[in-house]
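I've put the structures underneath this note.
In what comes next, subunit A is part of two complexes: it sits with subunit B in the first one and with subunit C in the second one.
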Partner chain A sequence: MKRVLSVALGVLTAIGGFVDVGDLVTNALVGARFGVSLLWVVVVGVLGIVVFAEMSGRVAAMTGRATFDLVRERLGPRAGLLNLAGSMAVTGLTFVAEIGGVALALELVSSVNYLLLVPFTGLAVWLVLWRVRFSILENVFGLLGLALLVFAVAVWRLGPDWSSLVDQATHPSVPGSEGVPTYWYYAVALFGAAMTPYEVFFFSSGGVEEHWTRKDLGTSRLNVLVGFPLGGVLSFAIAISTALVLLPAGIEVDTLGQVGLPVSEAVGRVGIAIALLGFFAATFGAACETGLSVGYSVSQYFGWQWGKYVRPREAALFHTVLLLSTIAGVAVLLTTVDPIKVTEYSVVFSAVALPLTYFPILVVANDPDYMGEKVNGRLANGLGQVYLVLVTLAAVAAIPLMLLTKAGQ
Partner chain B sequence: MGRRPVHLRRPVPVVAGVALTLTLAGCITPALDDDQYNAKAVAAVEAASSEVATVHLVLSQRAHRKVTSPYADEVVTSSETALDAIDGAFGAVQPPSPGADRTYDEVSQVLGSARDAVTHARFAVRRDDDGSYPARLAELRSAGDDLTTLEERLK
Partner chain C sequence: MSGGSAGRDAPGTAAATAGGRRLDAALRLLDRQLVDRDGRLCGKVDDLELERRDDGSLVVTAILTGPGALGPRLPGVLGRVTVAVWRRLHGDAEPGASRIPFERVAEIDSAVHLTMSRVEAPTHGLERWARENVVEKLPGAGDAPD
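The block that comes next holds the complex of A and B.
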């Protein structure tokens, strides 16, 4: 029974922790502009993150070591450092976006300007990273993130024409009001949002923190294979809800407040209160995960003591990185840069950095010296190679599409 | 383990590209001819329409008590700020010819009306003045219609 509860908790937190500010904003924005014609990208992205998260979880369980620990060893210090720099630039940008997302969520509740909330948000994130136990952090915010299921309730209450929705989603086309490059720009952004690199860093490092072994492979796979796709359903619900309410009204999403309007329309005040709780949990949880991912990756590369299960005194450099990256994130936001714009850029640059994250994982997961008998099978390898081509195409296309469309305008 | 390093795509150009792209994507570019100016006018009017529609939706939700007052206030205030930015960005572009001045005047006038309608909506939301909501909604509808009419004419 305890085992079942543990697995259920893992799956639930995987669902609730799947959505972050990038998913919230990008899915809402795309739904409001393109209806459901880009939902296929969410399916492709979720399958991709499932493939690579399973691989990285398996690597962590079989080797007891996390991604960047192995990247340096397998690729050499120079290539590993370049990989680290690229990945950290994107994860750092995502960290800024998540802290900004927390402040924006709090602004919607309190009417206090988000810039005043940013320093307190940064302080709260750092305190949680410093003091709160890993399991509490993961479970509390993951479970609270389930509040975003209110978007699914909103879709149900809005009573859409399901056959028409399914038809539009399965026969995607570029809406007449949008250009083809803009359609593909947002396809790349959605793909980047679904496959954000930090999710894999966090997942594999979390596995090492929790001392996964071969015996935990089943639980890890269940979390990934059930939790992530069901988390993808939240992305679906957000996009469909904005397609049903904001698209017909001619509203384009450029604030977090607009994301919640379909929920208030369908479910009322209780609904929006639940959605706000979900916004807070999703962004705060993701802020902790991205902050930890920065600390994990840097410490793993340089071979420092790292982790939430280690006393801060024994992992001083790891905690210094957490503190400095939080200060840097707050400082960036205090320049008054728009957190939603940071989010939009972060998901596109995530797409640019995808090969840096996923190529080494594929290499290590194929290496029998590390993996023994749990080396990639034919299916994992086939999917991994297909996705390596896809992430490379997305990475190559992202910047030209951004320039061509003036960042999706 | 003594393995030969596998060479990756170098992220240094990626990081440089990030800085360059952010700079380029965020710039307000000049309009070199009337067509470009017209395209900027259409974009400004479209963006303003979205903000007016947002305020109309949230105000009608507030009228039916579907949203809390702080939430409605934040959404309306954000749209008002966005309208200021749209107006400012469009106003910063030099009309390329005397003929484009007329477009500037028309767009500025409609954006000004939209801004006023949204500001009045903010007053009503902050005072939680239920009685004025129908009039504010009508003003927003009218501003939205004017924006749509102008957008169609400019296209």
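The block that comes next holds the complex of A and C.
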């Protein structure tokens, strides 16, 4: 019974923890502009993150080594350092976006300007990274993130014409008001939001934090195979809800408040309260995850002791990196840069950085010297290779599309 | 000096005998995680010290670790700056890269396990500096996470 509970908890936190500020904003924005015509990208992205998270979780359970440990080892110090710089630039940008997202969510609750809330948000995030046990961090924010299910309730209460929605989603076409490059720009952004590299850094390092062994392979797989797709349903619900409410009204999403509009329309005040709780949990949880991912990756490249399973004084350089990156994140936000814009750029640059993360994982998951009999099977390799092509295409296309469409305008 | 260094591109170092075991040193040792006898992480195998035996075979005699070993393997200015900063901060006038004799290696799997505690490891300096000057200044640094 205890085992069933712990597995259920893992799956629930995977669902609730799936969505971050990038998913919130990008899905809402795309729904409001393109209806359901880009939902197929969410499906492709979620399958992709499932494939690679499963691989990185398996590698962590079999070898006790997390992603960046192996990136350094496979690519050597030079290419590894370039990879580290690229991946950390993107993860750092995502970290900034998440802290900003928390402050914006708190602004919606308190009506205090978010800039005043940013330093406190940064302090709160750092305190959690410094003091709170890993399992608590993961479970609390994951479970609270389930509040975003209110978007599914909103879609249900809006009572859409399902057959026409399914038809539009399965026969996607570029809406008349939008250009073809813009359509593809947002396709890349959605893909980047679903497959953000930090998710893999965090997932594999988390496996090491929780001392996974081969006995935990089943649990890890279940979290990924059930939790992530159900988390993707939250992304779906957000996009469909804005497609139903904001698209007909001609409202575009450029604030976090607008993401919640369909919920207040369909579910009312209680609904918006629940949605705000969901925003807060999703962004705060992801702020912790991205912050940790920066510390994990830098420490793993240099071989320093990392992790929350030891006292802070035993992982001094790791905690120094966490502290400095939180200060840097707060400093960037205090320049009054728009957090929603940061979010939009962070998902596009995530798409650019995808091959850096996913190529080494695929290589190591195929190495019998590490993996024993748990090397990739045909399915994992087939999917892994298809996705390597897809992430490379997205990475190559991202910047030209961004310039061509002036970042989707 | 019979010792050499095993940067990944150095020729003739592909295979070496390590602790009586033959293995591909570039693939199986270089850049691997070092783990101390208590299971704590304590750096990377940043380079290797090799010795040529009379029969012409190469033997790994020590693991080189820390900025003094990593710097020369990084490209251009970055590598030179790394080494220069490390020399400047180092106590000795002419420091050599920190070495761990190969006799202190207990086991090699997905990591290289040492028979020493990380406190004795030669790369502990930076970690100690961060502990004394940053982390221990903050409240709660010594509290157990569980």
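By our rule, the second predicted complex is superposed on the first by the 409 of 409 C-alpha atoms of A that agree within 3 Å, B and C clash if a C-alpha of one lies under 4 Å from a C-alpha of the other, contacts with A are read in each partner's own complex, and residues count from 1 in each chain.
Here, a residue touches a chain if its C-beta (ideal position, glycine included) is under 8 Å from a C-beta of that chain, and two chains touch if they have at least 3 such contacts.
Since we're looking at a predicted model, the values are computed, not measured.
Of the two partners subunit B and subunit C, more residues of subunit A are touched by B.
Within the superposed three-chain model, A:R313 lies in touch with subunit C and out of touch with subunit B [touch as defined at top]. Legend: residue contacts after superposition of the two complexes on their common chain; A:W40 is shown touching neither subunit B nor subunit C. When the shared chain is aligned, subunit B and subunit C each come close enough to touch A:E73. In the superposed model, A:L108 lies in contact with subunit B only, and not with subunit C.
Legend: residue contacts after superposition of the two complexes on their common chain; A:F120 is shown touching neither subunit B nor subunit C. Once the two complexes are overlaid on chain A, the subunit A residues touched by subunit B in the first and by subunit C in the second are 73, 76, 78, 80, 369. By the touch criterion given at the top, residues 63-65, 69, 72-73, 76-78, 80-81, 130-131, 133-134, 299, 302-306, 308-314, 316-317, 319-320, 323, 369-370 of subunit A touch subunit C in their complex. Across the interface of their complex, subunit A is touched by residues 1, 3-12, 14-15, 17-18, 21-22, 24-26, 43, 47, 49-50, 53-54, 56-58, 61, 65-68, 70-71, 73-75, 78-79, 82 of subunit B.
Of all the residues in subunit A, the ones that touch subunit B in their complex are 73-76, 78-80, 82-83, 85-87, 89, 93, 107-111, 245, 249-252, 254-255, 257-258, 260-261, 264-265, 268-269, 272-273, 276, 341, 345, 349, 352-353, 355-356, 359-360, 363, 369, 395, 399, 402-403, 406-407, 409. Remark: subunit C residues 8, 28, 30-34, 40-44, 46, 65, 70, 73-75, 78, 109-111, 118, 126-128, 130-131, 134-136, 138, 140-146 touch subunit A in the complex.
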